[in-house]
Amino acid sequence: MKYDIQPADGKLGVLIPGLGAVATTFIAGVETIKKGLSQPVGSLTQMGNIRLGKRTENRYPLIKDFVPLANLNDIVFGGWDVYDDNVYESALKAKVLETHLLDAVKSELQALKPMKAVFDREFVKNLDGTNIKTEANKMDLAKALMKDIEDFKATNNCSRVVMVWCASTEKYLEHADIYETVAAFEAAMTANDPRIAPSMIYAYAAIRMGVPFANGAPNLTCDIPALVELAKELQVPVAGKDFKTGQTLMKTIVAPGLAARALGVRGWFSSNILGNRDGLVLDDPDNFKTKEVSKLSVLEEILQPEINPELYGELYHKVRINYYPPHGDNKESWDNIDIFGWLGYQMQIKINFLCRDSILAAPIVLDLALFMDLASRAGMSGIQEWLSFYFKSPQTAPELKPEHDIFKQLIKLQNTLRHIMGEDLITHLGLDYYQELVESL
Amino acid sequence: MKYDIQPADGKLGVLIPGLGAVATTFIAGVETIKKGLSQPVGSLTQMGNIRLGKRTENRYPLIKDFVPLANLNDIVFGGWDVYDDNVYESALKAKVLETHLLDAVKSELQALKPMKAVFDREFVKNLDGTNIKTEANKMDLAKALMKDIEDFKATNNCSRVVMVWCASTEKYLEHADIYETVAAFEAAMTANDPRIAPSMIYAYAAIRMGVPFANGAPNLTCDIPALVELAKELQVPVAGKDFKTGQTLMKTIVAPGLAARALGVRGWFSSNILGNRDGLVLDDPDNFKTKEVSKLSVLEEILQPEINPELYGELYHKVRINYYPPHGDNKESWDNIDIFGWLGYQMQIKINFLCRDSILAAPIVLDLALFMDLASRAGMSGIQEWLSFYFKSPQTAPELKPEHDIFKQLIKLQNTLRHIMGEDLITHLGLDYYQELVESL
Amino acid sequence: MKYDIQPADGKLGVLIPGLGAVATTFIAGVETIKKGLSQPVGSLTQMGNIRLGKRTENRYPLIKDFVPLANLNDIVFGGWDVYDDNVYESALKAKVLETHLLDAVKSELQALKPMKAVFDREFVKNLDGTNIKTEANKMDLAKALMKDIEDFKATNNCSRVVMVWCASTEKYLEHADIYETVAAFEAAMTANDPRIAPSMIYAYAAIRMGVPFANGAPNLTCDIPALVELAKELQVPVAGKDFKTGQTLMKTIVAPGLAARALGVRGWFSSNILGNRDGLVLDDPDNFKTKEVSKLSVLEEILQPEINPELYGELYHKVRINYYPPHGDNKESWDNIDIFGWLGYQMQIKINFLCRDSILAAPIVLDLALFMDLASRAGMSGIQEWLSFYFKSPQTAPELKPEHDIFKQLIKLQNTLRHIMGEDLITHLGLDYYQELVESL
Amino acid sequence: MKYDIQPADGKLGVLIPGLGAVATTFIAGVETIKKGLSQPVGSLTQMGNIRLGKRTENRYPLIKDFVPLANLNDIVFGGWDVYDDNVYESALKAKVLETHLLDAVKSELQALKPMKAVFDREFVKNLDGTNIKTEANKMDLAKALMKDIEDFKATNNCSRVVMVWCASTEKYLEHADIYETVAAFEAAMTANDPRIAPSMIYAYAAIRMGVPFANGAPNLTCDIPALVELAKELQVPVAGKDFKTGQTLMKTIVAPGLAARALGVRGWFSSNILGNRDGLVLDDPDNFKTKEVSKLSVLEEILQPEINPELYGELYHKVRINYYPPHGDNKESWDNIDIFGWLGYQMQIKINFLCRDSILAAPIVLDLALFMDLASRAGMSGIQEWLSFYFKSPQTAPELKPEHDIFKQLIKLQNTLRHIMGEDLITHLGLDYYQELVESL
């Protein structure tokens, strides 16, 4: 069975709330890639391949050659920010990419000026900015955003638009009644309810406009019943939340390995040091809480202490994020993992990851933009769980536990692609190579 | 389709060439586990669970409750060694387990005395020993081993026997004509050909006796056409080679994670320090060569530079093993991984694994003994590729590249178990949760 | 000039407020050392040597053979604690030493029962205990302690007594008027002023009794003008504060090395994980504040940014302590040091210290007890700056900056010993070996 | 007593055998510093200060303001190399400094062309080059070098010249008769004895010309009786050997700290990865032997196992250097240190130093050039042990053991400077602050 996928004709607009380090690294990167100056390393859609058929067939096409994605040359960018720096200026301040690289696409970047943002300091105390919309209430703000989207689409002659949230982590929110139904949510917007976060206003506006929405921060945003309901009703794909980079990326790589071998884990201490705007925002305990919840859930879901109490029942998991200006965007993590093996004997693993926050996040923005657009063209709406691969805290159907094991996430993603393209799913059974009888691979 | 599996009735004999650190840790461990003093942590068969059916079914039985494995209480041990220490004495010298733990099973361990070994110092220069068979030629040595197996089985009233090689790494061997056919191999044994390694004599004897053989060292041993042919002919399962522990275990966990995200790898430097007998043997360049070949192949197969030249074409991979007596069996590895991401920007990962060699290896011996016995009872003969999960350098059909990605190996193992038990294979597709139409999970 | 030092005749009583992990490790250790079961590793007085004279003289006596210290066999122990466990029970709970070692001196340890402590939960929120004195006011509490000291001395037939504070870190205190003079201090005690910390009451009682007092925690305690004045007046040595172990020990080793080479330091991030009672106490921000002040000052004094602004003017120094139960007393630190060299090029140093808190602290308790007793017999009173070597935050004369460089501290200590014993001071000049003319070495 | 030091008038020529990564980083660096573009970080002479007098005097002048050193603006450069690249080209190939920085001093660097080198592939197998002198025998080669020096001095109008060996490590040499006396050495040169290394020919030429000679590699070079005798006779300062950078620098910082605290050391494993020309040369076992001897001696001299057998008698010390091209000049070291404390309890320290080889070495070249010139002007001849601070394997008088403790080396250096300038030596005694009686500080 192959899906009926609309072709990727025309321009694809990528609209981004938050034109900071991640977004500018993404945009500047795509522009240099278009010019052949750099490679989209880290992007599965551009540089990853996928195995098709049996191992002996030796079929490993690039994913972009296998599924009908938008071409990079057809992408146009836009966005909102509380600061009015154009993308070139903002990228310079972010200090992620070298100046000589930015200068190679200077005119393209300078042309990109942020639209006025929806912002509320209640949600991000450590930031300030003046490029802000001042509509009367949250519903009006949403309408202003919808107007922005419409104008952007027309001006740039886009056939489709997707939105990817790249702005800061908002403060922690508890679930509430107003998130339960579309009606309650819309009433709360009009009533300017303080529990409606800016990111929710963006997500609402996007879904209302039929624009797929992916959430790169740990905020609830579109992970509330009201917006899932709206997305299904309007046939819009949504996905989230929190780009999986750095330490959590390593954690969802290593933890499945320990679980695979039935090795016990008694403690996992994770420390991060980073000095960019993200680090500054997370220095506020309210915002760190949101992040912490996102980061802590990972191990429990992978190790399943309820099923394996002798191995993981005593696990002590602690995550610390420390603002440390000398490192700038060069986030560094240090993990100490206390494991035990045969007869309970103890061992330790220490992982020191000298990474770069925005360098790891930028290709995720690209892949999500392209895959969300694909999902939309393939008629897949509502929560896109198959994109869990990209998120620290994947949004799923309410009755399902999210899958955090990056390798299961990858198989899910790959088998989804095989499925919609009508290829056989891979199970890695492979007994037929030895038994000379025909079985499903 | 469910396989017709013979029940695990009666005693299972586990025969081990090489009663050193790994074997004594395995044997002493099983004895303390039988007494309820310790837990078989690290053993997938004993403590691992397996998901069956859809996620919402919440079926996660222990593997030992799902497939009909031999019970630990039905296992009896035997083995050969060049030193004539009994297992208690050998375990004391190995300094892996604490004395008070060994003392709890002292009488069981003291009763286990090694049979005279087949040994040739040409293959392991740094060891010496006097508990050695002195038959006239290698065929006679094989016959003496077959006699040992027969006697052991009778004495211990075993219904089945399996053999797991836990002895030292032998020196490096090139492929040769004498390994091509059973006939040539047997002629070479009779002619005392110097290219027939002691481990091959054990493997030959085992297969001839219908005893499944698993190889825990990187030696060729049963990974030659002659012995594969014999194993198929006599319906005996074989598997190998080189237990996957420590650094390579971590490597086959982390490398798939980097590949999953299409992150480039420019260099991977792996250093090991260990001070046990294994370290002493590997201090000889001839023996290290055998190990190095086994360790180096891992990355290439996972990263596939031929398919991903821009990401992995320049990879420089170096592995060092250093004999360092202060650490004894507490092997420690340090890896530096030079990766690059978006636009080629460089990052580094450092992994420091303070592990324990024999603690990681012992549960593998147990799982292999139980799974090889299962395979035999299920009528699976020849190469057992589904046990790749346990090996640094998995033995496969000649036309296949080995799979090193530990997560694909795990799925292969789990789907094989599901397959032989008649359960649905898992593909992690899971679109049906969202689409409300019936698809294979 | 050699000092006139009273001989170390008779018993030396070592009285300890706080019979927790550090104190019990110290006491149990000394008892096993007395029996020849262990070695006093880490103790400069017992195992360290000192060079005397010119290099070519080859004179390196042990310190204990050079200066007249009390003999270990003449030491008797006593102490106070808020819990009424005897030293054997407390040591078991601390989980620092193995049970079989404690059992070798079980009767000696069981005989040591804590006297009722002076305690105030206002100063240590995370602890609780019932073995507490209930006198009417702080002056009365001091008198009760003096009575304890007197009784202990008589009962144990001691010729001399010293006191070493091994209890928890108290909450942070600002300097205040009541600390300025003996008169103000005593009035505040009688008035039960909340700014008089329990540790101050112990210090006051000790000094009043002529008992040398050393402070192993970062609390002010005797580092206030009132108590320094009293110590001078009564000819009693005092020293402090905060035993230098673990991360700060490493810091005062490494930082002088960087400064020696004029290498710049832009950032120093220090993270600690520990799971003992000390970690629990420091999980309270008020108590951490006291510790943080002690830990942070170290780098500034060593690197002197005011004199070397280009190298150290921008230094960002952050210290984190994380309560992490899986490690117990096995404190672990991880430091990331961002340095720069020639032309400003950046480099990094990462130090991971897997240490044991009490194992590092115990020999310091021993050395301080012996050296404080020596100082007393040598007629040295007031602040003993030459013992800076043992402290994170050395107490000095008010007009002096403390010296944190451990190597300068060591020279100071060694030259002090040479000085009081009438030996030549060492300057490491050594030109005379080459110039054949007589100069001071 | 103050020395009579000749003023630093006129130009100082710095002549360098080996214009590779270290030399070009040094030269290019000094040129950018002259232009005010960078800072001489890591240079004690330029950025280090020295304490004079009592602590309360607060006198901390820069060393360059305290002793009469040559001014950077008066330095001119020259050198020899087996490749004929000018310094700009060689610096580009070395990939240590960024191109934009080299371009700022391009014309100065391009003007520096290497003179033909004295070279013998017998001593450095992994290098090759054609810019080589072809005189008939080693004495004639020495004379050719003397001619080079003479010409350089005249052309550049230098009042003084110093020579600093920055070329590769030569293969290991045993001591031999021909090194014993000047006469035997000169006869061997004329006889073209294969045991006369190229570096010895440079050292001989320098000393004969009255040019101070410092040796930055571990080769014997001037550390033979013949050349020491000649140096004394001709009143020429010599110093060596092997610049102390990277791992050994850290080792001589950390080991004294452990020794200071009487902590035991059971094992020290040191691994290095580097990918520059130095790494390539050391990939040859003959050359590594020379380096290994230099690196291994360090710990023994600092820890003195013969005096402290219980602490250091069992020390197992291993050093590995691994050629790893991905890192280029960015040398990285990883050390595992197995220590033990109170009662023998074990602890570990891991140090990961991400350093830059040439960045650490360049300021040493500068300091040695300036201090050797100072020594010469101060009438100090023969071995300059006070410069041990800069060397892995300091050259000393034959009856003395070298001092490796970097802090004793620093005091020696600083007290030497104080001594020749007539200032009081520092002993860190400081009792007078407390005793109010006048003693030497």
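Quick notes
Note that the chains are named A, B, C and D in the order they appear, and that numbering of residues resets to 1 at the start of each chain.
We adopt the following convention: contacts are C-beta pairs under 8 Å (C-beta built on N, C-alpha and C of every residue); 3 or more make two chains touch, one makes a residue touch a chain.
In UniProt terms the chains read A, B, C, D = Inositol-3-phosphate synthase.
Model, not experiment: these values are computed from the prediction.
Looking at chain A and chain D, the chains in contact with each of them are B, C. The minimum number of touch steps separating chain A from chain C is 1. A comparison of the A-B and B-D interfaces places the larger number of contacting C-beta pairs at A-B. Chain geometry summary: the mean Cα position of chain B and that of chain D are 50 Å apart. Measuring from the averaged C-alpha position of chain A to that of chain B gives a distance of 39 Å.
Along chain D, residues 348, 350, 352, 354 each make contact with two or more other chains. Chain B meets chain D in the complex at residues 266-267, 269, 271, 273, 316, 318, 320, 322, 324-327, 332, 334, 336, 338, 348, 350, 352, 354.
Residues of chain C touching chain D in their complex: 25, 29, 32-33, 38-44, 46-49, 55-56, 60, 97, 101, 249-250, 252-254, 256-257, 260-264, 304, 307-308, 310-311, 340-345, 347-356, 358-360, 362-363, 382-383, 385-386, 389, 397, 399-401, 403, 406-408, 410-412, 415-416, 419, 425-431, 433-434, 440.
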